[in-house]
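The structure appears right after this line, and notes come after that.
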């Protein structure tokens, strides 16, 4: 039984903190758990280890390991994975808990690609991936994945940039491993993870061998630097409810002469497989995305429905349409997750979520999250932008005024709680942050469109029409 | 020459502050100018007095007064008013400067309604409005307008609420004036104005006489309490650029036994005119809204266009479509303002913006602002959500990494500045606040729809069709 | 083995025609098969009997019967039903083949409701439904369903109308049965079916007993009159391709003193169950709708994709977006069908498609079909509106000009065929007809919205939020 | 006084018909007026000469000429032109009357471009254009304009096509003129016009001199062939109301060794000006488009509003939203026309409609016309797709049933008339035809987007932002 308890993870984090280079608001951080804001991000990851019934007995390893690491072999495994991610997100108040989800997304795609590369090029990556997988699963580790390079001038390829390190690049090949330099953006919960998996961000071509690299390293590896975004949803909103207990951070992750031993290198120079690995990870991770996003939507749906009642407008037709709008958003994502699981691609003994349905769900989410926010705003009213502060609400004299005058069909006290939550969801820095995430996390809309059209079989419908025209 | 200088306004504010009851984050504020955050809101209003070429010679008053107080007599006056509001907003970096705009919106609607009421009911409101108007114009005052009641249970009328004061109500009629109780929401820049005009929020009917009231009072009147919303766009975002110099606040404005002398009472018990006054003010103020919103859009348009270049994606078709989307948003609003001015309704010697076109512009803005934000996010990339903090950027060591790695087609330094602005506009608490404002300020979408269908002449097109069918 | 051959159906139709009262373009029709236009509608239904592999062995009946009549007992049965309808539609060139689909939709809902009514009110409807079902299945009949009443003034209930028969009503109760009067709109393929099932259109209440009626009759019953809509998609477009071989018609179906024997009466006076029956049928039939609509979409998708190539614009980004738009339309409908089947409601031993997902699919179809058409138009170009006629294309001299000048990347000949099809789909009377169908067939958007919000469980997400706020 | 009467035009047409080569449905047409269908198109153009108050006194010509030929010198002229086109469209029951509108659009753009070319290249086109203009105006002629080439493979330029004549090309240069070959698509009302103006469809470059040509010819010029599209909106819908009296046709217009004398050649080989001429004409003609489209919308708005009442659903909120949707469509187009006129570009002594606002109006129309149709369908109900035919309505016996059962809040007789019109507008071949027109006529959406982004001044807003960031 290898499943860790929350406390074990926290102890590991305390230990790990000593050797890590982490910056927050211009200062080097010594301990996550002692930091007034960042401790919440750490505790969020810690909740992973408290999630009920999170293990399963794995026959190959002969151990009970985390369900996140269960390699999907069929539709049911993928449906269970969808439910796991959904439920774990609900468990964390609608906030995704990324660490083992993204880590396993990366591991599954590495398993598939390494097998193919080995077969074609006679390498031995699969064994290394498999060893790493076992190490991770048996130690029940928290993982982060760094994929998106900082990219520089988007009109140029990696090798054409003014600076060679705007995409992560191998700068030196040593006997016992490689040295890399560069930076990755948006690495979620990186510095509270124990391990970091690094994947290429895109397809590469001849001449870009040194950019075609995948590997893993401990997060306290020398030369790794994490610069954490400001947690404004909490530090900037004293009345926040969700972010006070659950949020995730991203870092700009800098690799300065970072050494990776060979046994941790999973792709090196095989530029023909860089794009496939990137896409495969994207598919697994977008499946994860539509799963957690449906749970996030529950926050919007529940708050909108309750505020409609609190305001006394639950019978207005435009309010009904707002609620339906959010229902459609949630359920179209769930439908796409379910069908993605059912119609999975099976390759190298692993069930891959169907990229068509996964991308449809993600694209729908990209394009329509703004309407979910707008629906909540429409129902909540302008007051969520002009709501007095938490400090006012904690001042006894002012509180009395507020409870008197912010009464709706519900009491002032109850309605104010709902308004605070609605503000957090729809009229705060959390909102702004989410708007961007919902558009760009797990790939931009263009990325999903490219993926969709590439995978879609147009030949069948073309033949259908050609036969009619014969 | 009555036009005040900035310093005169600031002195008046200092004086005024002594007697005002203002709260911010649970504490009573003694001086706006000495407050680290709130001084910016005061200075924002002060910029009104620095706006170049802001006066005109008024023949009736035989003085040079603020152009905001020029009563519109024809299309040109309204077109000039549109341009004045647009330019003044551009002057304040895209942030509306409300004080004399909303004040004059209220005064013009009071002028029209008071004349009609006087004629029908033999009252003498017009003279009182006129006197007040001259007082305000000659003293070049900063004004605020409180209209939206807190409203309680939206399914009930004012008189049906559990608490009689969920709509502002006359609680006592005295020999020399009236006493009012209640609260108004969303009073913009209230506590930095010198005068507050109070208008009814909706149509009233028999039995609601005591809710049918309009008046004005100095902002330091006894019993008035202002609770300011938290300025999170500044206090919660250390890298803010716009909000550091320009923002506006709203207050929950509480009236506790506030006395209003008769000469300042502009409507009292004439419930039949309450709705007309509310709508007329809404029309003037929505015309103001589409004027300032076009200027606000310039921020989004310019930032999107520059970031497209900075990222090296200015030739991508989806980027072109994002830019076009913002152009359409801006220009449809401007078109509606222009046509609203051209096809104005002329009544009681005042040119009223055409409510059809004003509402079309506002409705388009309500429904499409989210797409403007999404367009900027699409072009800017996910980095605006995960951008390291201002404190990191001020740390010399980290700064060097950031400028190296956040380079695009533009240098890291230049691109970071654009990203900071893009973050403020599209991924911050300012964004969340704006989303709500753009949906609810100057009336909800439902309010505009109701206004539009009420004013639109469907008879003509029905007759057109009936003639065809004859 | 009861499965009929096409010829058996056609013979039955010939016989049936003798006693039926059918009108087309102002004239009484004696024979479908001899009518130059209407014979196609008959042959369309006849194709039902040619669809390959259409039977299954039913254990209860100890016979091979049509798969349409297989009562769904679980998810797989519903998934198979979805596939059956999709494939049969593809078999008919994208045109739905309604007869046994709608008939079984009605039968399944009658089975459920009759069982419930029997249990609650001690009636014996279920046995009658069951007998009728066996009769229909064993004789492999073609069925039509009449549900939508003509409704008169939509602001009034059935019993409040000026004319009592604007909803179908029992006008006389006899010893051996009932007599009904009224009219039903939109009865698809009614007059080529052998049997007509009549269902109530909505919930009824006390005092509306005589409107609360369900029954079945042969289509050649005395007093039944069918007025067929003009088949303009064929008669008005000489270059039509699809409609020349497959289309369906609707009738205004008039009931003039139509007698129904008791054994064919399935609901009578039980007004409390009228709404449930109407909704249940709607659910089954909407599931059918999203199944055939995905197949119809194949026509649009294939034509758009081929025309993009024929025009030489297949690499334009807006063309890719048009194609993606149609893909999303199709796949969201398919996803909703699949999930609807998986998450079915099981009641009275029958698997009912989940009304939430069924309505989501239908609503998405209602709202977005216009965009499918617009996407095809965008890719095809204006030429589909101004294309010379079939007669020009059959004139040798003109044909040569046309093939020369309508050349694209494909030859003139090939491109013209595609343009003719694109015209039929997107710029013809078929288009107009379809636009209305896609909005109103199987219920309006309002109907789906009402269904969705009624069935959706908001309590769970409300509780989720309430727990967070505790 | 040169203004012709209807009869004079019709006589001219009779004369003209003798020498023209016109095909309809595979047959050569000898006389428009004697053709059962095509006479309506001729009479439609004839209505141009009956439009009340259609002349103005032109000082230069010293004659009263058609207002269409009034060269716009300022905003008022353009506003009057907008009103002229709008009113003339209303006069023709919502159907555009193109002949002198498009003709003058072409003449104005030729006036401007010829002057510029003359100045730069020392040619003498302007005089020829001016002479032609006077000839046309003084004879009050009906004009057509052929611009869109058939284009072949859209991925290739004119000179790269397999067939050199897929863009109209000069095939021979003679002493007295040029000979052209090729074909133009979509020439509206070509064969009922007396003159045809031919313009280039796009920008040309070096090597494409022979494609860079503009000229005019009488419609009965030898070698010109007109193939008219089938008039399905009339021939395919016996219950049509509008099309029975007013419609316009388009032709595929073939040029087979057509000779043009030098005095009628307005551009030849000046490839640098081909694009400017094409765009300038597009701008004038799109201004015309948004003017006639607002009048067309009146049909939809009036019919929707009346049918809402006829159905008894005028108080439903979704019906209100449908009506508002159509109002927005109409008024945004009108706003764009008005602002386009006000903010015109003045060049070569001619006021050109502002291309930004013109394109915004047109683009809005392109994207939203489908929603106008959908709104009408939503309100009208499914009955417009399944409405019995005109022949049924003319059969006395059936008529009685129909009037009884199609009763709404209005009588059956009145409602049926509205339903017939609604069918024509939203569920007929006219609908399909219009959908394509509203997307492609006067240029595709891509064309408008390209025009918009090219003309828009982004520099100002970029500078605004750059100044903020300084």
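Just so it is clear, A, B, C and D label the chains in written order, and each chain counts residues from 1 on its own.
Here is the rule we go by: a contact is a pair of C-beta atoms (placed from the backbone, for glycine too) under 8 Å apart; a residue touches a chain by one contact, two chains touch by 3 or more.
This is a predicted model, so every value here is computed, not measured.
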Just to be sure I understand the contacts, which chains border both chain B and chain A? C, D
Determine which of the two chain pairs, A-D or C-D, is joined by the larger number of C-beta pairs in contact. C-D
Most distant chain from chain C, judged by the mean position of its C-alpha atoms: B
Indicate the whole-number Å distance between the mean C-alpha point of chain A and the mean C-alpha point of chain D. 52
How big is the gap, in whole Å, between where the Cα atoms of chain B centre and where those of chain D centre? 43
For the pair chain C and chain D, the C-alpha centroid-to-centroid distance in angstrom is 39
Among all residues of chain B, which ones touch two or more of the remaining chains? 318
If we count contacts the way the header does, which residues on chain C are in touch with chain D in the complex? 23-27, 148, 150-156, 162-163, 165-166, 182-183, 185-186, 225, 227-230, 232, 235-239, 250-252, 254, 311-313, 315-316, 318, 370-371, 373-374, 377-378, 380-392, 394-395, 398, 401-402, 404-409, 423, 426-433, 435-437, 439-441, 444-446
Within their complex, chain A touches chain D through residues 317-318
Which residues of chain A touch chain C in the complex? 90, 93-94, 241-242, 298-299, 301-303, 305-306, 320-321, 323-324, 327-328, 331-332, 334-336, 338-339, 342, 356-357, 360, 363-364, 417-418, 421, 449, 452-453, 456, 458, 461-466, 468-469
